[in-house]
Structures are given as C-alpha cells and as structure tokens.
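Next come the structures, one after another.
Two complexes, one shared chain (subunit A), two partners (subunit B, subunit C).
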Partner chain A sequence: MPSSNQRIQIIRRTYYDSVTLMLVAKELLKTEGVSVASLSMGTEANYKIMGSGGFDLGGVDATPNDLIIAVKTDAPEGEREALLEGALEKAKEYLANPPGRKADSGGDYRPKSLDGALSILPDANLALISVAGKYAGDVAMDCIGKGLNVMLYSDNVPVEKEVEIKKAAAEKGLLVMGPDCGTIIVRGVALGMANACPPGPVSIVAAAGTGLQEVHVQLARRGVGVLHGIGTGGRDVRREVGGIMCLQAVNALLADDEVEVLTVLGKPPAPEVEQKILQTVKAGKKPAVLGFIGGEAKGDSDGVFICRELEETAAVAAALAKGEDGARARENLFRDYESLRQRAETIGRRKGFLRGLYSGGTLCYEGQLIARDILGPIRSNTPLEKEMKLEDSLRSEQHSMVDYGEDEFTQGRLHPMIDVSLRAERIYEEAKDPEVGVILFDVVLGYGCNDDPAAGLAEGIRKARSAAGDRIAFVASICGVDTDPQNASEQRRILEELGVHVCESNARAARLAAMILEG
Partner chain B sequence: MSVTKLLKEGPKVVNIGVEQFYADLKTQKAEAVSMDWKPSAAGGDLLARLKKLRKGGN
Partner chain C sequence: MTSAEDMGPRTFLVKTLPNFRGGENVIVVPEGVQVIYDPALPAGKMNPRWRGLVGEWRDFLADELEDLQEPVIRRTWDELIGRGPGSTPAGDDFLSGLASGMIWQGKAVPFHPVPGQTTWLSEEMLRDTLAGGIWFRAKRLLGALASEDPVAVTGSAGSIADWGHTSGRAWLAGLSEALCGERTG
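Right, the complex of A and B next:
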C-alpha cells in the first residue's frame, strides 16, 4: 500500500492566537519536502479551506476548540513517513516556542491579568482586544468595568453580546469600537490595521476598517490629515444595535474643537439609524461629509455633503478642509474617472467574467456597486442583494467578488490583510477558469498588515499568468502611502513588474476592471 | 466623559491579543502594555460559573 503524502494531528482543547499559527505554518514550509502546512482551529470554514488545499479530511473529527496541524509532502514515497513525522514534531516544538515572537514584544514584561496591566499603566484609557471572538465579549466587559474604552478587533462576537457591551459602555460614557473593527486612529496614532499618515483637521467615524483606511489614504494623497478615525464595527448602524456607538462617536467629534471637518462613512445604515445620524450631524453645524457607500440619502444640504463612494468622500472632505468647493471637487473627480475608459482601451479589452478577490469588506462592497453599474449583476459572499449570494464562497460564478475578510474565512485564521496566502492561491484558481477575463484585487498596507503583501501575492500572479497568458488582465488598487511600513511605491513596483495594472483607488480599480470587459 | 479624555490625551493602551499591534504602538511611541493573555486567565466564563454556583444554579 503506498504511504500517504499527508499527516494530520488534532490537539484537543488548545488555543493559540492566529498570528502564532501563521508563523508556525510559515516556518514549517521552509522544511525541504513540506509542500503544504496548515495550522488552524477545527471550524467548518477551515475544513472547507483545508479540503480545497488538497487535504483528505476523512475521519478528522476536530471541533472549533481543537487545533488541527496538517502537513503534506511532495517527497518520494520512501522518504514521506519520516519527513511528515518530523514536520509534526517540529510544529509542536514551534508552538511551545513560537518563532519570531520575542522580537514582537521586545522582551517587555507581559502581565497575565488586567489588574497587572493597569498597575504598569495606571492611566490607560483604551483596551485593544484581539483574542478569539468567543472570549472577546467577556474580556471587553472586564475592560469596561475598569473604565477603559475598547477597540474590539475580534470578530465572531454574537450581536446580543455586542448590544450588551455597548449599552454598558454608553452608560459610562465609554466607546466600544467594534467588534470586527480593524482600524482606529486616535490623535494620529494608528491602532490595528491603519496607515502611517500625518494628523490633520478631518476626523472620521467609520464601520470597521478598510473604508476608513481608504478615506485616510485618499485624504493623505490630497495633503489632508486625520486627527481621529473611530471604527464602530459594521453591525453598529444596523437596526439590532441602533447606531449606539456611531452616534456616541459623532457627538464626541462634533464637540471637539480640534475637529474641523467630520466624515461618517461605511455601508448604508438601517434607514432609521441613517436619519438619526443625518439629523445629529446637521445639528452639529460643522462641515461634514456622509459617505454611505451606495446609500439611499441624496442631495447635499445644510453644509452636509452626501457621497456614495470612498474616494468621492475623501475628495469632498479634503476640499472642505482646504476651504474649497466640495461640489466642484466631486465633479472634477468624476470627470477624471472618464479617462479610465481610454486606459481600458490601451490595456486591451478582454472577454469573459470579472473576478474580484478582496481583503477589505467595504472595498468589496464598493467594488460590486461600481462594477454592477457597468457589467450588471455581481455575485458575492457579501452580495448587494440576497439573490446574488454565492452558493460556495470558494467557487466563483459569472461576475463574482469575494470578501476574504468575512467571518467564514477568519474563524481560527488570520485576517487576509495579514495572511495573503489564500488569495494568492485563489488568483491562480480563477486564472484556470477559461471564462475569466479580468482579476481584480486590493492590496491593503499599514501597521498590522502583512509586511510585504505584493510579494506574497506574486507567486499566485505568476502562476496565473503562465496558466492564462494574455487572456486575463490583472487590476489592483493599493490602499497605502509611502510612509507605511511596506512603502506603497515599492509595493506598486512589485505588482507592475508582474504586469498588474495598479490604480490610485479602489473606485478607479473597480471601474477600470469593469471597463476592460465592457461591450 | 471618558471618550473625551481619550481624544484629548491620545491612546494609552492595554493590548490583549495580537502582539504585532503592541509592537506597532511602540514604533509610534504610544504608551502601551501588552498582556500575556490565555483563555484560562480571562476569567469571564469561570466567573460566570462561580456566580451561578453561589446562587445555587449549576
């Protein structure tokens, strides 16, 4: 009987944070003969991802509380047994002593309790929580009990728990930013995944992450900085939560004399929440821009501008901060977008379907809105309309855009802005489909993100190119600036050398991608 | 109001979870401390169970 080319081990009731799991998997891949290495919690989504990575999961009975270590080899049969056994042992050694971990904390003392942390930093005013979702709610409640504002990076927190936490915080005049809040900026300091831009007169309230990052970056490109960027979590403006934290943040920023222009953005809120936000902002008598992507509200009034896209929101806010005409800034931007048609012509029209692979949720949503206007219905795991939901997020159909930041991809795994490997593999998978004409993706930079995402995606793009030749055009946007740890210009250079058409914003990239397939 | 204090003073952070976020705060010279967090140390579930037991629940 031939020996198996895979080995799977389950470690029961074991918790490791997803950064450790990625570091260990990366380290294992450096072992000669190891072709695939995966360390993930036994969630349904991870079973699917491992299955699509070629693992035979027959007989594997891990639960979401169990860790699955899985390795595959491409070594000749006689060497497999020893190699796989060695890799598993190595994995366990690395878990006990994670590679690269010491450098992260700089050897600083790490207290084991919240009281211990507060004895070291007694005037702490914010807890940044990124533990697994099932624990995050209780940890947040403990922090609120100690009078700390909370940034809840963790996702997979039940909505009932979110409401409970937010009500408790609101009573104490504290903010809960999240759950699933990837980015915040306080006095120009970036927390979580945020860009290294200088502070300035604009402040932002946003849903979760990439919407805020994109507007932050677009403002910086126009020479305007952000003082505060407050994320509320995507569900905050839905009916169930009622915009508790969005309204709390809006009121705090309206009362702040240092804030000259207020911007509120994200996916469209529930209509009654949108009305409350609009009324609150109007009453604040501060120049303001509401950028609810694809929202119903229309028409600028009382010094409040209503925008439907992210770059548009930034362009108008930048104009207001400079004392210029916001409406004219918008007109100029949309005139500029018309030139993308010429660029599509120069690149060369393609036939077939568009496949968008996103790490940013708001970017994916905006991408769908823009592409739908040009190409018609777009299918997605986070569709604009329910009927357009992909049956299987791992299999595209017709025009599709997939948000890899959705909960289904992040349970017991790292966010795609940190671990780009799943998208790199998917780029290659999409390229093998003969009906695909354009592959569109985002590259999000900043603190907390992968230190070289373009290089991480490069292998997938190279393989895709050799599979598809010129049949497919690759279009990307880079959400980042040169002062980011990854350097946006350097990332652009890597992508352009691979033949990727890089755009200045997601709104431009989505337009260009769709225009290449137009007609 | 505590949120106002946060916006005026800037962030002084207790990091609970991903170590990279702590390293990034240090790079930006923000005041921060990072906890060595483990589920067993979180206390939330255990505390809830103990409270239930004290009330005679199970």
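Right, the complex of A and C next:
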C-alpha cells in the first residue's frame, strides 16, 4: 500500500495570530520535499481552501477553535514518512519560536494590558484593537469605557456586538472605526494598511479598506492630500447598524475648520441610511463628494457631488480642493476612459470569460459594477445582486470576481493584502480553464501590506502564462504611490515585465479588462 | 559582578573573574574598596499613576510561572519558598519581589523562611531582602515607580523582565502583589 503524501495534525483549542501562521507555513515550504504547507484554524472556509490545495480531509474533525497543521510532499515514496514527520515537528518548533519575529526582550518594558498602556500614555485617546473577533467587542467596550476612540482592526465581530459598541461610543461622542477597519488616517498620519501620501485639505469617511486607499492614492496623484480618513467598517451603513459611525464621523469632520472638502465613500448604504448621510452632508454647507459605488442617490446639488466610482470621487474632490469645477473634472475623466478602447485594441481582443481576483472589497465591488455595464452579469462571492452569488467562492463561473478579503478567506488566515499566496495559486488555477480570456487583479500597496506583492504574485502569473500562452490577457491596477514602502513604480515594472497590462486605477483596469473581451 | 547593573547586596564589581576550581572557597577582603552602590532600600510609595501597569505584572504567573498561582491565590506564602526549578526557584524570586515591595512601603513581610527550605543562593537572596537589601535594578525600578517618568519606569521594568529565565518576571509578579494586591498593596 503506497504511503500517504500528506500529514495533517490538529492541535486542539489553540490560537495563534495569522502572521505567525503565515511565517511558519512559509518557513516549512523552504524544506526540500515539502510541496504544500498550511497552518490554519479549522473553519469551514479553511477546509475548502485546503481541499482545493489537494489535501484529503477525510476524518479531519477540527473545529474553528483548533489549529490544523497540514503538509504535503512530492518526495519519492520511501522518503515521505520521515519528511512529513520532520515537517510537523518543525512546524511545532516554529510555533513556539516563530521565524522572522523579533524576540520580545532586550529593551524597554512594553505594557500588555490596556490599564498598563494608559499608565504610560495617560493622554492617549485612540486604541487600535487587533485580537480574535470573538473577544474584540469586549475589548472595544473596555476602551470606550475609558474614553478612548477605537480603531477595530479585528474582523468576525458579530453585528449585534458592533451595534452595541457603536451605540455606547456615540453616547460618549467617541468613534468606533471598524470592525474590519484596516485603514485610517489621523491628521495625515496613517494607521494600519495605508499609503504614504501627503496631508492636505480633503477628509474621507469610508468603510475603511481599499476604497479609502484608492481615493487617498488618486488624490495624491492629483497633488491633493488628506487630513483625516475615518473608517467605519463595511457594515456600518447597512440597515442593522444604521450608519451610526458614518454619521458621527461626518458630523465631526463638518465641524472641523481644517477640513475643506468632505468625501464619503464605500459600497452603497441601505437607502434610508444613504438619505440620512446625504441630508447631513448637505446641511453641513461644506463642499462634499459622496462616492457610494453604485448608490441610489443621483445628481449633484447644493454643493454635494454624487459619484459612482472611486477615481471619479477623487477627481471631483481634488478639483473642489483646488477651487476648480468638479463637474468638468468628472467629464474630463470619463473622456479619458474612452481611450481605453484603443488600448484594448492594441493589446488584442480575447474571447471567453473575465476572472477578477481582488484583495480589496470595495475595489472588487467597483470592478463588478464597471464590468457588468460592458459584459453583462458578473458572479461573485460579494455580488451586486444576490442571484449572482457564486455557489463556491473557490470555483469561478462565467464572468466572476472574487473578493479574497471576505471573512470566509480571512478566518485564521492573513488578509490577502499581506499574504498574496492564495491569489497567486488562483491565478494559475483560472488560467487552466480554457474558457478564460482575461484575468484582472488588484495590487494594494502601503504600510502594513505585503512588502513585495508583485513578486509574490509573479510565480502564479508565470505559471499561468505558460499554461495559457497568449489566450489570456492579464490586467492589473496598483493602488499605491512611489513613496510607499513597496514603491509603486517598481511594482509596476515587475508586473509589466511579466506581460501584465497595468492601469492607473481600478476603474480603468476593470474597464480595460472588460473591453478586451467586449464584442 | 562584572556589570554595575547587576550589583546587589554583598557584591563586588570586578572587571573579570579569575578561574576558580569547583568547590574552592573565595575570601574577599573589602578593605580599601570604594563603595559604588548602596543596596539599602529606602522607604517609598508608588505613584498611583503606575497602578495599571504594575497590576498587569501579576499576569506573569499565567504562563511559565503557573506553578506559583495556587499558593499566591491562597496567600499561603510559605509554600512558595523553594518552589520551582533553578538555583533561585521562581517562588523565591516572587517572594523577594513581594518582600521588597512590602518593606519599601513600610509594611510587614507576610512570610518567614527557615533555613534549609530552599537552595543556598536563594536563602542568601531572601535573607538580604528581609534585611532591607536590594539589587540595583530593583532599586532603580522602585525609584522610577515613585516618579512621574514613564521612560524611567519602562526602562527599569524592562531590565528586570529580561533577567534570567523567569527570575525577573517572578520578581515583578511578587512586587505587583505587594503594591497592588488586595490585602498587601
């Protein structure tokens, strides 16, 4: 009987942060003979991901509170047993002492509790919380009780808890930025995953992820900076939460004399929440842009511009900040988009389906909206319409776009803006499908993001190109600037050398990708 | 000692130590030696600002020092004497921190070691502590805790937390008990 080429071990009721798990998995892959290594919590989504990675999970009974260490080998049969055992042992050693992590010793004492931290910094007024989602709400309540604004980086926080903490914060005049808030900017200083752009007269309220980053970057490219970028978490503008923090943030920024132009953006809110936001912004009498991607509100009025895309939002806000005509800036932008049709011709038309693989939720949503207008229905794990929901997020159907930042992919795993490996594998998988004509993806840069995402995706792109030849065109957008730690120009060079067609914005990339398949 | 940072009661600072044979008795004649460190523990009081920080040092007992937890919860301090591996068992380090904190605040030390309960080195350490002698790093920390200076507090606490395998953290947990414990602080 042939020996198994995989080994799976479950460590019960054990939690490690996702950075540690990624570092250990990466380290195991350096072992000769180890072809796949996965360390993840036993969530349903992770079962699927491991299954798609070729693991046989029969008999595996891990729960979401259990850590699964899984390794596969391509070594000859006689060597497998020792190699897999050795890899498991190595994994456990690495977990005890994670590779690449600085030892927590040899310097000043760093507080481990909120009370300890407040002893050191009694004037602090903001806490950044990054703990497992089920504990995050209680930690946030503790912070609010101590008069702190909260940036809630954690995801998987139950919506009931989100409402509870936001109501408590609102009563005290505090902000809860999140949950799942990866980006904020306070007085030009970025926290979390944000770009190295200059400060300036515009302030933004956003869900707090790549939508905020994209507008931040697009403003910087137009020579305009951002003073505050307040993330509210993607669910804030849904009916259940009622936009509690979006409204709180809007009011705070309207009252701030240093804010010259207010921008509110994100996926479309619940209609009644959108109306409340619109009324509040209009009453503020400050130049403003609402950029709800595909939102209900239409038509500019009372100094408030209504936009449907991110680059459009930035172009109009930049014009307003410069004292220029916002409507004309929009017209010029859309005229510019027409030139993409010529670029599509030059690249050469392709046949088949579009496959979008995103790390940014708002970018994915915007991509769908734009591509749908050109190609028709787009399927997704975060679809524009419920009927378009992918049955299995790991299996594309027809035109599809997948948001890898959704909870299903991030429970016990790193966000795809940090760990690009899943998307790199998926690019190759999509390329093997003979019906695919274009693969579209985003590359998000900034503090906290993967330090070289283009290089991380490169192997997947190379394999995809060798599998598909010229059948597939690769289109990408880079959300970043040259002052980012990854340097946007350098990332662009890497992608272009791989034959990827790189665009200046997600809106342009989605248009170009769809136009290549058009007709 | 070869570093001024490590000075304590009854220590000498030397550049290097000669090679000793195992079991060799060493007699040090202190005449003419300059006093560079006074190990006497002065009376003092913690600035209330640091209560949150010092309180969290109790949590050091949750990990590697969990063997100490039960006696600490029961406040059966004598059970801690000699408890734990090493030449200074962690229980003795905890008690040394506890005693230093109590003496610093002018309070009675709530345990009473008797000879033969622990290692020679620990016995000497506890004897010095109960006599009001204290190590340089610990004295510097107590001085910082009486001040408003966060840099002094985090710097001196860091130098103790890193001390030995568990010694520093056990000592800090004991100090936390003395300064923030329900019946001691």
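Going forward, the second predicted complex is superposed on the first by the 511 of 519 C-alpha atoms of A that agree within 3 Å, B and C clash if a C-alpha of one lies under 4 Å from a C-alpha of the other, contacts with A are read in each partner's own complex, and residues count from 1 in each chain.
Quick note on the criterion: a residue touches a chain if its C-beta (ideal position, glycine included) is under 8 Å from a C-beta of that chain, and two chains touch if they have at least 3 such contacts.
What you are looking at is a predicted structure, and each value in this text was computed from that prediction instead of being measured.
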item	value
Which superposed partner A:Gln368 touches (first subunit B, second subunit C, both, neither)	neither
First, second, both or neither for A:Asp123, with subunit B first and subunit C second	first
First, second, both or neither for A:Met141, with subunit B first and subunit C second	first
Most subunit A residues touched (candidates subunit B, subunit C)	B
First, second, both or neither for A:Lys112, with subunit B first and subunit C second	both
Common interface positions of subunit A, toward subunit B and toward subunit C	105-106, 108, 110-114, 116-118, 120-121
Subunit A-facing residues of subunit B, complex	1-7, 9-28, 30-39, 41-45, 48
Complex interface listing, subunit A residues touching subunit B	15, 17-19, 101, 103-106, 108, 110-114, 116-118, 120-121, 123-132, 135, 137-139, 141-143, 147-149, 153-154, 172-175, 186-187, 189-192, 228, 248-249, 252-253, 255-256, 418, 447-448
Residues of subunit C defined as touching subunit A within the complex	49-56, 59, 150-151, 153-155, 157-158, 161-162
Subunit A - residues contacting subunit C, complex	105-122
